[in-house]
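Sharing a structure, written as structure tokens. Questions coming.
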Amino acid sequence: MGARRWTVRARGARAAAAVVAALGLLATGCGGGSGSGDGKVTIRYSWWGAKDRAELIQKTVRLFEKEHPNIKVKTDFSEYTDFWSKFNTQAAGGNAPDVFQNSYAFLRKYGDKNLLLDLNGQADAGNLSLKGFRDGLEKAGDIDGKLLGVPVGANTFAFFYNPDAYQKAGVTVEEGWTWDDFFAAAKKVRKSDGTLYGASDNANVMYLYDLYLRQNGKAFFTKDNKLGFTKDDLTEWWGRWQSHAKAGELVPGKKSEQAKPKASISADLSASEFTWDNFLVRFAAETKTTLDLGPIPTTDGKRTGQYLSSLMLSGSARTQHPKEVAQFIDFMTHDPEVGRIMGYNRGIPATTAQYDAYKPQGVDAKIAAYEKSVRAELEPITPHPAGADVAEAAFLRIYTQVALGQSSMGKAVDQFFSEAESALGS
Amino acid sequence: MSAASLTVGRRRVRSVIWHVGALAVLAVILYPVVWVIGGSFKPGDQIVGSLQLLPTDPITDNYRRLSDGIADVPISTFFTNSLVLAAGSVIGVLFSCSLAAYAFARIRFAGRDALFTLMISTLLLPFQVLIIPQYILFQKLDLINTYVPLLLGKYLAADAFFVFLMVQFMRGLPRELDEAARLDGCGHLRIYWNVVLPLCRPALITSAIFTFIWSWNDFIGPLLYLNEPDKYTVSLGLKLFIDQDSVADYGGMVAMSLVALLPVLLFFLAFQRYLVEGAATSGLKG
Amino acid sequence: MTPTTTRAADGVPPPGGTSPEKAAPGTRPAPAAGRRQGRPETLAGYLFLTPWCIGILLLTLGPMLVSLYLAFTDYNLFDSPRWIGFKNFQDLFQDDRWWTSVQVTLKYVLIGTPLKLAAALAVALLLVKPRKGQGFYRSAFYAPSLIGASVSIGVVWRAIFNDDAVVDKSMSLFGWDVGGWIGDPDWALPTLITLTVWQFGAPMVIFLAGLKQVPGELYEAAEMDGAGRWRRFRSITLPMISPVLFFNLLLELIHSFQVFTSAVVIAGSGTNTGGPGDSLLVYGWYLYEQGFRNLRMGYAAAMAWMLMLGIGLVTAVLFRTQRGWVHYEEDPK
């Protein structure tokens, strides 16, 4: 017994020593980060996405490093929600990545808190070109005179539908169709098809309601960061969807909640759904049903209210290397080879150089064709206020509670206004 | 004679009943695990919401794809990283928590009760609000993107769960042993090492197993502190298959989660025997 | 090896008058009674506690105090915190979603914890006698707890509780048709509780360790007295493992109050937090959402301290009651 205990002790001591040594190595081996002795600059680039995007980005980063041998780019990535938790934590510690993927929707949220680098100075210094962007994207990152981000890819809202189901119901989807047409179509599809609902209940999608409001000369957010609609407006919108949901034409709340993480349309529950056009790629992988993109219904037969929203690259206000960050963003947005590699992974490339470099195939070609078809209708996007993401989440959640039968319409509308107004700080 | 064989027979019947019963319970409990195994052989679009336990046409693509790695990092790197962290954590917890537990359970010193209460109270605060202050602390120490933030707490007995577990266990040990050792002229260090630790083996093994598993599955820590895919752990790697912008690779994810299960399963298998035998065989005579 | 002999071997009598100490310091008689009390003991105590002391000062106490301070501020993570007194706490009571999260969490804790402990104890009792293949059984019963709350578990859970999947079908045999459980605000929480109970491995292992400490002779004596199974369980097993039961109960309660990841995993990530109709909005999740998505870290800190008060109260009550039902062997002297 005693002997055994001794060997255990010796082994334990050896192991402990090894660990301590390893810890020391780790601590000294990978400290610091930027700027080492040989004049090389290291910048940190973070983005959200999964491994498919990682493979592409890795290639483009290597390309950049070849062109700029004095700059080393360290990348790290995580899933969307995790990305923002991590970003917020790091930024709170003053340690945000030098350059990172951002969304148009967050420019104000983080710009207001002085976390984003104003790239205008770098553009003026010639480190970043602002030329050659597609229509509607030239000034996309310009917020109150500051350039807080540069778009890498853009997309727009679309009407997704199952062409077979629509054909079977004898409905054609045409440009200039109206909301009445849309709801009538959903009803017909529901009647002609025993399994599919006519449409997903998208009353809770902020971006869709924004289009509807624009068709009526309003918008979800006003220029002075308030809600751009009244309680009556919202009651009318939600109420209209609810009446069709209650008639059994739209996917019931319980079913769409159960189908997650799939969307109702890719779970083969419904024959149509509204979302961003680039989701077609995802849906095509999730369902065997062929889906098409169609025009957004209108109010007056003409205006859809659509605009391009974009995925952006932003710099951190606290970066030590603004010049290198600008060079990196410049390369990632303009280099044709990067465009060819990335394809539509982050939306349709923002610059014409990258747009022309990639020849879309299959599902991508469908998206390209759709974007071409709506190009004439695109309007300028209005910046989202800080707190817009909180309002968006509340919009989604509170209507869902109505759809699940947990909340009455009046109570829900009141609750949304109170939550959204407090999030927008009004 | 016949009575004896009767009891042997009865015992055998009982044993069969026991095994049948236990296996039946297991069948229910392991159903989700079998589902995962089945899922790992299904194509990616037939996994979410699937009503089928097993694939109709099993494929091995999901496993084969794992060998491609993620973002130029081979899957084995994630496993190595996780193993280093888990092993480092186990050693740290065993060492630091048992020292603290010995003090709380075996030494009467001024301020003990207050410190014990303090230790218990550290269990009560949800980790979410400690994230930011701790992050800033490690950043000030220039330790971001190292494993130190993930390990340091383990070496400083920051996990009150294990201290408390060991305290509870040490309290169950006979005090006479200490007394005897003390009469032989042993100090606390010798008593701790030669008397208490060997008798606490079940608690130590339990702590080792839990630490290994929890470190293996920890996600938030590695997410916040590690900034290079080379340093990512398995738990981080598991979340790189899905993103709202991407075509989710559920097949790959499910396959990898099974592979990720193997090391912890092996660790458990290897150590579970000491869990329970420890108390009996390490004995009091030794 | 027949069961009886092994059992005899196991039944090392733990130590006649064992532990002099009671679990809760504070319920112990005044320390002056200790004859070894004194400077050298105190020195030794603190020497043993050195790593722990550094740890708690550096890693825990500091951040805890910071969070206490933040609870009284308006702090968005990026600008300096602004002192606002008790406003966060007042706002909590006006916040419907906070009340929802309190309700969801209480339901989860009050139903989930007893079920989980019961499952853990039942399986531990099943496995306590050495048998053929005990390593296999132990590992198999522990397997669910190895997986943790990974995204894969979320996918599995959503699938087996899907409309017409195995759970729904088995239930409809009893004329009980829920449909998809996780899509239904009334049934989503039970799936979360099921997940928790399913991962009963940790308390099971601790119960096993406790059960093995119970001296076999006690049972043999009781059996000779003609005590039935239930009597033996009530009057020997339960009291003998009560310290372990106390530990498990306390720790499971604390853990359950702080549940977070498994709720997120079941609901699936994305912007729609809280699961269908907020039915999975557990306290930890709402706290996280407020702190990290809505950037209201001051508010989140206030929530955390309210939770800490709540759990602290429960813990204190448990420690108080343990004198009544937890049996530590008394100091013989």
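Note that the chains are named A, B and C in the order they appear, and that numbering of residues resets to 1 at the start of each chain.
Rule of thumb we're sticking to: a contact is a pair of C-beta atoms (placed from the backbone, for glycine too) under 8 Å apart; a residue touches a chain by one contact, two chains touch by 3 or more.
Quick caveat: nothing in here was measured; it's all calculated off a predicted structure.
Contacts between chains leave no pair untouched here, as each chain touches all the others.
By number of C-beta pairs in contact, B-C leads when B-C and A-B are compared. When you average the Cα atoms of each chain and compare centres, the chain farthest from subunit B turns out to be A.
In terms of their C-alpha centroids, the spacing between subunit A and subunit B amounts to 36 Å. A straight line joining the Cα centres of subunit B and subunit C is 15 Å long.
For subunit B, residues touching at least two other chains, in rising order: 48-49, 95, 132, 239, 241-242, 244.
Looking at subunit A, residues 79-80, 85, 89, 92, 258-259, 261 sit in touch with two or more other chains. Annotation for subunit C: residues touching 2 or more other chains are 77, 158, 162, 270, 292, 297.
For subunit A in complex with subunit C, the residues that touch the partner chain are 79-81, 84-85, 88-89, 91-92, 113-115, 253-261, 389-390, 392-393, 396-397, 400-401, 404, 406, 415, 423. For subunit B in complex with subunit C, the residues that touch the partner chain are 11, 15, 18, 22, 25-26, 29-33, 35-36, 39, 47-51, 53, 95-96, 99-100, 102-103, 105, 107-113, 115-130, 132-134, 137, 152-153, 155-158, 161, 163-165, 168-169, 171-177, 187-188, 192, 202-203, 206, 209-210, 213-214, 216-217, 219, 235, 238-239, 241-242, 244, 250, 253-254, 257, 260-261, 264-265, 268-269, 272-273, 275-276, 279-280, 283-284.
In the complex of the two chains, the subunit C residues touching subunit B come out as 3, 9-12, 14-21, 23, 25-26, 28, 31, 34, 36-37, 41-46, 48-52, 54-56, 58-64, 66-67, 70, 77, 123, 126, 131, 135, 137-153, 155-160, 162, 164-166, 198, 202, 205-206, 208-209, 212-213, 243-244, 246-247, 251, 254, 258, 260-261, 270, 283-284, 287-288, 291-292, 297, 300-301, 304-305, 307-308, 311-312, 315, 328-329, 331.
Residues of subunit B touching subunit A in their complex: 44-45, 48-49, 70-72, 84, 87-88, 91-92, 95, 131-132, 135-136, 139, 142-148, 151, 193-194, 198, 223-224, 226-229, 231, 236, 239-249, 252, 286. By the touch rule above, subunit C contacts subunit A in their complex via residues 76-79, 96, 158, 162-163, 179-185, 268-278, 292-295, 297.
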